[in-house]
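Have a look at this one.
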Amino acid sequence: MRYLLRRLSHALFLLAGVSILAFLFTALAPGTYFDEMRLNPQIAPETVTALRAQYGFDKPLPVRYASWLRSVIHGEMGFSFAYNGPVAPLLLVRARNTLLLTITATLLAWGIALPLGVWSADRLGRLPDRLLSWATAGLLVIPDLAVALGLLVLAVRSGWFPTGGMASVDFETLSPFNKLRDLALHMILPVTALVLSSLPLLVRHVRAAVADVLNAPFLLAAVGHGIRKRTLLYRYALPAAANPLISLFGFSIGVLLSGSLLIEVVMSWPGLGPLLLEAVLARDLYVVVGGILGSTLFLVGGNLLADLLLYWADPRIRTESGAR
Amino acid sequence: MRVRRTFAKWLVVLGVLHGMVVCAGFFAPYDPVEQDRQSPYLPPMRLHLLDAHGHLHVRPFVYALRLRESSFDQFEEDTTEPHPVKFFLRGARYRLLGFLPLRMHFFGGENTRIYLLGTDAYGRDQFSRLLFGGQVSLFAGLLGAGVTLFIGWSIGAVAGYYGGWRDSLLMRVAELFLALPWLYLLFALRAFLPLAVSPLEAFFLITAVLGAVGWARPARLVRGVVLSAKERDFVRAARGFGASNGYLLRRHILPETSSVLLTQAAILIPQYVLAEMTLSFLGLGVPEPVPSWGNLLSGLQQYSVLVSYWWMYLPALAMVPFFLGYLGLASSFEERGAVYKIESRIWGM
Amino acid sequence: MRFRVSSMKVEASAGSQNMPPLLKVENLVKCYARRSLVGRGEELLALNGVSFTVFPGTTLAVVGESGSGKSTLASCLACLESPTAGNIWFEGKDIVKVEERVRRQLRPQIQLIFQDPASSLNPRWSVLEILLEPLILRRKFTREEMKQCASSLLERVGLSPDFVERPPTELSGGQRQRLAIARALALQPKLLILDEALSALDCSVQAQIANLLRELQSSLGMTYLFITHDLAMAVYLADEIAVMSRGRIVELGSAEQILDQPQHETTRQLLRALPRMTRALPAPEQ
């Protein structure tokens, strides 16, 4: 229990640290939203100054940070100049969409990588394993951007899938079942891109971890006991190889998040990625801070989940009760 | 020995690839910003050895492209006259390696322009732009990785060698940087820097941002190596001879970090080239008309380009041989079949 | 038959008792604070009031099971760690209290030989570089002097000069330990601390190195502090033996005393652990 509490406090420390870091960056930034506004001849300079004061931009950084913290507690997370409203609701919708994409992709990628990696480790060094190694290496060296654009070209040329967005134009008029079907169709392309970009690393890690364990004396003993191959691989080898894979799980979420930023923009999926890009281009400060914090939250959440899994899977951590 | 040989092999591969990009002026037939407004979106020309009459030519040749009748964007080959490819001929001025003024090009056509990878919206030669774009992208990657490794190396060495409060502080900050998805961090850093800048400024800006983003991982790895190296008996022995901290670091401890640094370099460089591509693709990187692998692709954000001009997609694959080379280099540092370990370093585990 | 103290041993102890001691340790305490992130730290007493004296030209063996604080003692004496309390007098100067500048000059006079010669020699360097490192650090010698010094050192420890360009990884365990000894001798130290220096070697090699150490003692008048868990080797090499247990010296006496009249339970246990020939060897037929 102490282990979990410690991981939780660590996660909170990370979130606080990242928010401070983000604010520090804003202090170093040479331009603000208001500077762009000042260039606009239709807005009087007094108005801009007044606006600056209204949003507290004439105050020192710690004061701004404190007032931002207050607005986080009120569930606003600052104010978006471009959208002229609080950041939190804006963020929430987008974060939900990103989450939908990344969770689906994570589950799918691991669902494919686990059996494929075990299968390959079982045939270590033989032809199917070597072919798979080559395939994953090939996939590894193709940039995410090329994968995403390639899929898009394919979709446009074949016309099989919708090529962008999250819903068809007539989405609101559809029946609940068709709504779901429409959403699933729109998800195929970005999810495929994400899975393809993360799959090779996952497969290779699973393969290596399981192959490591397969040589262990206790497994050789199990073979001697005449236990069935399938049981051996999935009930004995895989749990023993779980530790590095669970930590990898936490990291894979971070990598998928980074990947989804690009893929969301390319496939115009209304997630955090496009929002962040817009905000960067418009210098919409609090949205940028919010976007970064949101993505950090996902990553930290993913790592917490990995910690939880580790706690569940590894009896050593439970009995050790917080030495380490 | 075996390891050293594969290492040398990959180094040669990478050397040739980088050499082509460094000498882009020589290998590219045209100036990367020279426009040919008459022929926008020309598809790639095919190299032939056999002409329309079935005659075999020793010298490869191309056919000029002309619009197909009753069409406004479909091209066909004009097979009446073959245009041979000439080698080592004079063409547009360029400066080799940035200072040597030359006019000699590796290849080109005499009466017609040869577009190996087609042209873009302004009729600029995509092949030339690809080579020159490599200069920007690859060197942003190289320089960015250099900056990152330098920062990470210094921080890791200080944290590992001196320990104590310096170690805890630096490693806490490193954890913060590792907690951010790196592409988001990249965006964030880019967000707070000026948007409209000249290509050169943009290049250095990107390099600086890239360099600042990734230091945490190499720092942690270097710290680990230093931490274990400073407890080695030969370091304790040298201390017994009256060695100073500077001597110990210089002669015994930092040499131990070289393999970590090399591996990290082989991992970071392609990663940073990709990052530059992503930024430029999204319009946050090097602006037109200077080509980079990222902004060569940015045209694809328009639906019409994506649908009609497939050759505009080719720069996306330019990175593949380089990435392959670096991956091979990275895995040749480890023993055979240990790509797994390299990757675990990519993930920072 | 029990182990017999070798009669060949250089009996230097009797004469040197009148000289001032080379090393005098008084009430040495070393305490490690084991801190955890949450809650209070635990304390580990590695040395708990250790005192002894060593006279020039003699050998003191410190014997004890693992974890008894032997290696901590070695690190403290070699100035690699500073003790929590107590004094270490070396030639009449307290190396704990003395200022850093003086300590750096005293340090080379006390040299440490480590257990594992593989890790005490930098594998990236050549034998010559390793041998010259202490001389280069002194910055007093010319290139010629250093070369001469290197060859005489190699000869002294019985290593062929053909090795100088090779990395230490191509040497055998015994050769490596010889190299480590040669390097330690380069600065002409007065005290050599051998921290389990023979334990990682094969039996026959152990004997060779032990003989080398005795030879060096008689020719150079070296003083050894021989730290080991091997009571038999301690008896073979040492004039005096100190038995350590849990950070304290529980018994201190001449090698004969320890062998014949062990007082403390730890000593008896160590003695019992010695291998014994229970069956008489067949008499050689003549």
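Here are a few things to note about the model shown:
To keep things simple, chains are lettered A, B and C as they appear, and every chain counts its residues starting from 1.
Basically, a residue touches a chain if its C-beta (ideal position, glycine included) is under 8 Å from a C-beta of that chain, and two chains touch if they have at least 3 such contacts.
Note that the coordinates shown come from a computational prediction; the quantities given were computed from them, not determined experimentally.
Greatest Cα centroid separation from subunit B: this falls to C.
The leading chain pair by number of C-beta pairs in contact is A-B. For the pair subunit B and subunit C, the distance between C-alpha centroids works out to 56 Å. With centres defined as mean CA coordinates, subunit B is found 25 Å away from subunit A.
Residues 232-234, 236-243, 247, 252, 255 of subunit B are the ones that touch subunit C when the two sit in their complex. Taken in their complex, subunit A has these residues touching subunit B: 14, 17-18, 21-22, 25-26, 28-31, 137, 140-146, 149-150, 152-153, 156-157, 201, 204-205, 207-208, 244, 247-248, 251-252, 254-255, 257-259, 261-262, 265-266, 276-277, 279-281, 283, 288, 291-292, 295-296, 298-300. Interface residues of subunit C facing subunit B in the complex, by the touch rule stated above, are 78-80, 104-105, 107-108, 110-112, 114, 116, 119-122, 124, 133-134, 137-138, 180, 183-184, 187. The residues of subunit B lying in touch with subunit A in their complex are 172, 175-176, 179-185, 187-195, 274, 277-278, 281-284, 297, 300-301, 303, 306-307, 310, 313, 316-317, 319-320, 323-324, 327, 339-340, 343-344, 346-349.
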